[in-house]
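A quick write-up on the structure given underneath.
We just call them A, B and C in the order they show up, numbering each chain from 1.
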C-alpha cells in the first residue's frame, strides 16, 4: 500500500513571470486519500490543475521539473493529454452539471470514446452512480435534466461522471465547500469507499474534513509544500511552526 | 503530436480561413469598386469630376458636384430632424418616463427599425410629398422631403443607441448629483449626458452613415434632378440615387462613372465608420 | 438661465414629452397607414396568385417565392461562415492583432450601404462569375450583407456559455472541438438562432442590393439561376412607377407583417433565453 503512484520532483509552475508553485517534492501513495490544506492562494488548486494538465489551457502557464504518474513524466511532449485527463479525473468546487440529462452527464466522457453499446453504457451508468452514492436517488429519473438536482446530488453526479471513465486517480478541489453537512457526509463516505480502487487527492479549505478522511495530509503555503505526513501526526504534532499556526487559526 | 492534436490543428486552421471570409469580402468589395471606378476619375480629371456641376452622361460630362452637395444637404437635414427628436425621446424614455412605458416602447421602436426603407419612401411619396407641395410650394419632391424621411428613418437607431448609452451611465453619478441638491434635469444635463456623450455621438455617426447610404427611400421622394438645389423645396439627387437610377442602362464610360460615384461614397462612409468605431471604443474604455 | 431649476425642469420635461410623442406617433403612423390600406388587399388570392399585367392584377406569389429562395440562400451561406468566425474568435484565440483585423473587417462590412453591395454583387456574381441576374447572385450578395450580424450575435451567444462547461468537458477527456460541438454550441443555439432570424428580417426588406443582382423579372423562379423579383423590389417598382397603388399597399402590408412577426419571435426568443439563464 505504500507504493508511490505519483512522484513530484522539483516541480515548479509559473503564470507568466509569477511563480505559483515552488520546487515541490513529494510522493502520493496508491490507494490513499491525500488531503491538501492551506490558506487561499497557496497553490493547492494550481497543483491539481497541473496534475491533469488543465493548466495548459491558461496562456502564460509554464512548468519546471517533473511529475511522474505511474513512472511516466506527464509533461513529456509526446504525452496524450486527453487520455491523461481520463486517467486523472477532476471534481471542481462548484458542482458543474452539464446542461444535459443525468444519464447523458454520466456518459459524456464515455461517449467521447465512441462507446455506444446501449447495454454496456447502461450498466456503466448504474455502476458509476452507485459508487458515487447517487444511484438510489436518481434511478427513476435518469432522463431528467441534471440542472434539477440539488447541490449535493449534482456534486455526486460529477463524481459519477469521472468514475464512468474508469480513472485511476480522482482529484477533488474543495468538493463540499458549498454543500450542506448531510451531502458533505455522503460524499466523504463515498470517498472512503472509493479509495480501495482509486488514488484520491483532496484539496480542502476545511481542515476538519482532512482530519476526518485523509490518510495523509500536506500543508501548502504560498506555493510551497511546508510539510506532509500521516494525518494524525500533522494534526497533533506538526513539525513546522507554520503548520501549527495555521491549524490553530493564527492565520488563514 | 497525437492524432487528436493534429485534428484540432486542422480545425483551427479551417476556422481561421472561415473567419477571414468577412475580411476578404470587404477587401474584394474595396478592390472591385476601386478597380472599376478609379480609372475614369483620373481620365476625366479628379477636379472636374468632383467639382463639375454638369452631369450629362450622354455628352460625356461627369460632374458629381450636384450629387455630392445633394448627399450632404439631405444627410445634414436628416440629422437636424433625427438627432434632436431622437435624443429628446431617448432622454425622456430613460430618465423621465415610467419604466413600464419605456419597457413597452423601446422594443416597439426597435421593431420599427426593421421596416424596409422602401416602405418609408412610399409613405413619404404618398403623404409627405403632396403635403409639401400644397403647403410650401415646389414639386414636393425635394430636399425637404428627403431630409424628413431620412430623419425619421434614423430615429430608431439614434434612440436605441442613445438609450443604451444613457443607461450605461452608473446610477452612482445620478445619486451623487441629486444628493448635492440638483434637480433631475440638471443632473441629466450636467452629469448624465456628458458621461454618455461618446456613446451618443457614436449613435449619431451611425445614423449619419445610414442616412448617407440610403438609396431607395431617397429616390422615391427627392425628385432626382441632377442639379444643385437652390432651396430645400427643390428636387435633389444624391450619390446613392445617382448610382441606382442609371446603373440599369448605363454602359461604357457612363457605367465607369457610376462606379466612380461608388468610390466616393465608399470613401466617405469608411471614414465615418472608423470615426464611429474609435469613439465608441473610447466610451467602452471608460 | 434665470429660471428656477424646478420650473426649468417642468418646461424641459414637457418639451421632451412632446418630442417623444412626435417621434413615436410618426413611426406608428407609418405602420398604421400601411396596415390600414394594405390589409384589405390581403386575400387568399393575393397570396397565392402570380402577378399579372405587370402587377396591376393578380397577386404576389412569385415574389413571395423569390423572396424565400433568396433569403434561404443568403442564410445557407452566411450561417456557417458567421458561426465559424464567431467560434474562431472566441474559442481558438486570445485577443491579438489577427482577431482585431477580423473584427474590424466585420464592423466595416456592417456599415457598407446596400447600394455598394448591389454594385459589388453585380461586378462579382452577375458579371465576373457569370451567374447572371439570378436568385443565386442575389442570395450570395445578401449573405455578405447579413454576415456581420450573424458573427456578432453568435459571438455573444458563445461568450455567454459559462467557462466551467468547457473546463468540465476538457477534464473528461475531450478535445477543444468536441467541447465546442457537444457543449458550447448547443448551449449557444438560442442566441445564434436569434441572429439568424434577425437576418431573415433584414433580407426580406432589402431592395437596392437585390435589384442589381437578382434582377426584376416578374416571373416565378424556375431555378437558382433565374432572375426573379422579390417582394421588396416588386413593391418598389409598383410604387415608383405608379403601376398600382392598392397592390403596392398590399405588398407593403405583407412585408411589414412578415417583419413584425419575425421581430416579435426574436423578442420572445430572447426573453425566454434570458429567463433560462437565470
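Operating definition for what follows: a residue touches a chain if its C-beta (ideal position, glycine included) is under 8 Å from a C-beta of that chain, and two chains touch if they have at least 3 such contacts.
These numbers were taken from a predicted model, which means no experiment stands behind them.
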Those chains which touch chain B and also touch chain A
C
Farthest from chain B in C-alpha centre terms, which chain would that be?
A
I'd like to verify one number: the distance from the centre of chain A to the centre of chain B, where each centre is the average of its C-alpha atoms, in whole angstrom.
57
Using mean CA coordinates as chain centres, what's the chain A-chain C distance in Å?
49
Which integer distance in Å separates the CA centroid of chain B from that of chain C?
17
Would you please write down the residue numbers of chain C that are in contact with two or more other chains?
175
Quick check on chain A: which residues sit in contact with 2+ other chains?
82
Among the residues of chain B, which are close enough to touch at least two other chains?
4
Which stretch or stretches of chain A touch chain C in the complex?
52, 54, 57, 59, 82-83, 85-86, 89-90, 92, 94, 96, 98-99, 108-109, 112-113, 158, 161-162, 165
Quick one: in the complex, what on chain C touches chain A?
94, 162, 164-165, 167-175, 178, 182-183, 186-187
Give the list of chain B residues in touch with chain C in this complex.
4, 7-8, 11-12, 14-16, 18-23, 25-29, 32-33, 36, 84-86, 88-89, 91-93, 96-97, 105, 107-112, 114-123, 125-127, 152, 155-156, 159, 182-186, 206, 209-210, 212-216, 219-220, 240, 243-244, 247, 259, 262, 265-266, 269-270, 272-273, 276-277
Give the list of chain C residues in touch with chain B in this complex.
5-6, 8-9, 12-13, 15-17, 19-20, 22-24, 26-27, 29-31, 33-34, 80-81, 84-85, 87-89, 92, 98, 101-102, 104-109, 111-120, 122-124, 144, 147-148, 151, 175-177, 201-202, 204-208, 211-212, 232, 235-236, 239-240, 245, 248, 252, 255-256, 259-260, 262-264, 267
